[in-house]
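Both complexes shown next keep chain A, but they swap its partner, so chain B is in the first and chain C is in the second.
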Partner chain A sequence: MTNLAGAGPVPRQLEERPRRFVPGQPDMWVFVLFETLLFTGYFSVYLVSRTQNRELYLQSQSHLDLRIGVFNTIALLLSSWAIARCVQAAREGAYRSALTNAFLTISFGIVFLTSKVLEWIKQIHLGNTFTSNDFFQHYFFMTSIHCIHVLIGFLVLGVLVYQLWSPARRSQQLVETCATYWHTVDFLWVLIFALLYVVR
Partner chain B sequence: MSTTFNKRLLIVWLTLTAMTLAYVWIDHTADHNGTFTASTVVTVSAIVIALVKVRIIFREFMEVRHAPALLRRLTDAWVVLVGACLVGSYFIGSALAS
Partner chain C sequence: MSPSTTKPAVSMTMPQPPSGSAMNRFLWNFRHHPKRELWFAWWVMVIFYSLYGVLFFLVSRVQPPPSPAWSTPMVVHWFDARHYGILAGFGVVFLISGMCAPMNALLAYSMRRMSVSRIFGYSYLIMYSLSAIPGMLVMAIAMTVGALRPDRDPEQIHWLYDFAFLSFSGTMGVFMIGSLVWLVAILIDKNGVFPKWFGYLSLCNALTEVVVAPAWIFQRGVLAWNGAIAWWINMVVFVTYTCAFIVLLRKMIEREDFVTGPLPDLPRKRVGERSDSVGAAS
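Let's look at the complex of A and B:
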């Protein structure tokens, strides 16, 4: 039977853990570092492209609302904070709190995704589409690739909730692996936000 | 211990949010009468602030500060590598354009 109430016993896998440990599965870290390099390659292309036609990029960039970007970033930072609390709660055996924080993470993720879609709609109404110019091609490509990562993140968080729900399925390593993926979605957005909205 | 740790997470989130809000100030001071102008200082500042935020996320939210030295050094090296690629691309692109 599902037991969500109160703190459960600390799993033996945690008692046997060394003082220094890799959070989650090492494979996820390989993925994170590889993914970061892929994005960095694309960011570099964007920055070089930007310097070749500064006026067009600056003029197009002025159509973006920095406040929306800030709102997006804070929403994702809130989700990252919530999943960090989820990891901490699960480690202490407080699975009800861990689940609450997992749901908070999903909620802030949905807030991010909704505001991003609304921003796309706003830009399309202003006549700025994927084919308008180089800046908006980069803008729509970067933000949509990132949103695909957010959608995959929802699947990952779904697995996390499923695993946390039943005592028989709980695994601290899996909780940390899911959190590592979600934090990656967060820090990739931190970079995308700076590059699209702030750089001049 | 738990309370202390959660306070730490709160401070981390507040720091990251404050750094995000710093962009509003940079944006406000960078432009004149709503006209966007090219600025190396703004570009490099934006990239550096973003990388500091990424490192904080690695160290605190992703718990790399508790990880073995290999992962700690690897993630630090990654932040430096990403920074070098971004700032390098900007300067190389600027040199090619002029």
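Let's look at the complex of A and C:
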């Protein structure tokens, strides 16, 4: 998010470059660590529950459409690709291109979110709701908590666009921090996709 | 952005406590230390959270929470087995509930020390003052009523059991918004009162507060009020978060210079050098 403390006359793309070990704020990588640990906990609980009722989980998983999961994954991977291009463009000082890629990232994120909501509606029409069984409890929980991360990601991308918009701002560190958050959202989805849709 | 970010030319010089016994140093700090109110609030916080854990987990034994799916006779038996523990534990909880005031004041003070609008500190203060009601008092009152009226209709005892645990576990909205207020304040602060990673940890904490909402729906499974996700994982995050902000508040007090602008970093300690804190002096 915004580190407005950095607003000064020095060109942002050059700030603190020699001392940096990771892209963006190191603090954001601490967040990545927290979130990874948290979701590792959720995944472990899911896997333990799955071993206790394997038949139910397999039967329930068959209601999920793998093609939708693949589509979701491609949408988010494309969004990660776009944000990576945005960071690269910002590093090169090509801010128009960086903005275009930031908007592309938001667009792919919206595609992901829309397809996820449509999938939920489809499952509810099939009679598979949050309270149907243990598998769908996990399915709705993990996909919902991930979608909350996506919604927060839109705020983060809004900060990124705000930064890129004006030559008075354009903190490269902040651009990379926002990109790190979005990659985390993508990374978590790949794991959720593998667990819910692929592992049978 | 209320306080200015410019420092006055003269900064505060810390008076040194007299040499002598630990008691003499403590008494001197108690009467003269310029940060005595801050240290008082910090120690209240440490004592409060320590007591909170002991009273809820060991004395009253209402945590970790029992199953929401229990039958009425099991719930009545559960109350019987904890009769004296609940009375003793929550009796002390009622006594210490006033400790929330200096704790919340210290948290709001940390936000006032930031370069952000006063709105953040005031919002946080009001929200966390209210949070003592669902986070502690409603449960304590419901449990105490259940323990003091064992002759009542068992269905009413069961209702109190549900009411106590749902109010305790299921009303996390105030904590979520509080964490988000702190998150935004930390991220836009220019004075470096807290590290940014703690802001991001606040986001993690806020997200785990969302996770307990399904406790209203489920009586079994990982999202019930005693579930692996809704309680156990959340408790790990909450304890980590609480320990982090207690340590960071201590560092903030040590760094406090009572002027506006960025908080200075602590000087590096040499081996054997005494800390400039009431905590260390006492």
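FYI, the second predicted complex is superposed on the first by the 183 of 200 C-alpha atoms of A that agree within 3 Å, B and C clash if a C-alpha of one lies under 4 Å from a C-alpha of the other, contacts with A are read in each partner's own complex, and residues count from 1 in each chain.
Assume a contact is a pair of C-beta atoms (placed from the backbone, for glycine too) under 8 Å apart; a residue touches a chain by one contact, two chains touch by 3 or more.
Computed from a prediction, not measured in an experiment: that's the story for all the values here.
Participant: May I ask you to decide whether A:Q172 touches chain B, chain C, both, or neither, giving the answer as first, second, both or neither?
Facilitator: A:Q172 sits against neither chain B nor chain C.
Participant: Check the residue A:N128 against both partner chains and state whether it touches chain B (first), chain C (second), both, or neither.
Facilitator: A:N128 contacts neither chain B nor chain C.
Participant: By the touch definition at the top of the document, which applies to A:P23: first (chain B), second (chain C), both, or neither?
Facilitator: In the superposed model, A:P23 contacts chain B only, not chain C.
Participant: More residues of chain A are touched by which chain, chain B or chain C?
Facilitator: B
Participant: Have a look at where A:V190 lands relative to chain B and chain C in the superposition and call it first, second, both or neither.
Facilitator: Only chain B; A:V190 stays clear of chain C.
Participant: After the superposition on A, what does A:T105 contact: first (chain B), second (chain C), both or neither?
Facilitator: A:T105: touches no partner chain.
Participant: Quick one: is A:A84 in contact with chain B, with chain C, with both, or with neither? Answer first, second, both or neither.
Facilitator: Touch status of A:A84: first partner only.
Participant: Applying the touch criterion given at the start, work out whether A:T51 contacts chain B, chain C, both or neither, answering first, second, both or neither.
Facilitator: The first partner, chain B, only.
Participant: Please indicate which partner A:V70 is in contact with in the superposed arrangement: first for chain B, second for chain C, both, or neither.
Facilitator: Only chain B; A:V70 stays clear of chain C.
Participant: Residue by residue on chain A, keep only those touching chain B in one complex and chain C in the other, then list them.
Facilitator: Correct list for chain A: 41, 45, 48-49.
Participant: In the complex of these two chains, what residues of chain B are touching chain A?
Facilitator: These residues of chain B touch chain A: 2, 5-6, 9-10, 12-13, 16-17, 20-21, 23-24, 26-27, 30, 34-39, 42-43, 46-47, 49-51, 53-54, 57-58, 60-64, 66-69, 71, 74-75, 78, 81-82, 85-86, 88-90, 92-94, 96-97.
Participant: Sort out for me which residues of chain A touch chain B in the complex.
Facilitator: Contact set of chain A toward chain B: 20-23, 29, 33, 36-37, 40-41, 43-45, 47-52, 54, 58-59, 61-62, 66-67, 69-70, 73-74, 77-78, 80-81, 83-85, 87-88, 92, 176, 179-180, 183, 186-187, 190-191, 193-195, 197-200.
Participant: Which part of chain C faces chain A closely enough to touch in the complex?
Facilitator: Contacts found on chain C: 184, 187-190, 192, 195-197, 199-201, 203-204, 207-208, 210-211, 214, 217-218, 221-223, 228-229, 233, 236-237.
Participant: Spell out the residues on chain A that touch chain C in their complex, using ranges where they run on.
Facilitator: Going through chain A, the ones touching chain C are 1-5, 25-28, 30-31, 34-35, 38, 41-42, 45, 48-49, 130-131, 134, 137-138, 141, 145, 148-149, 152.
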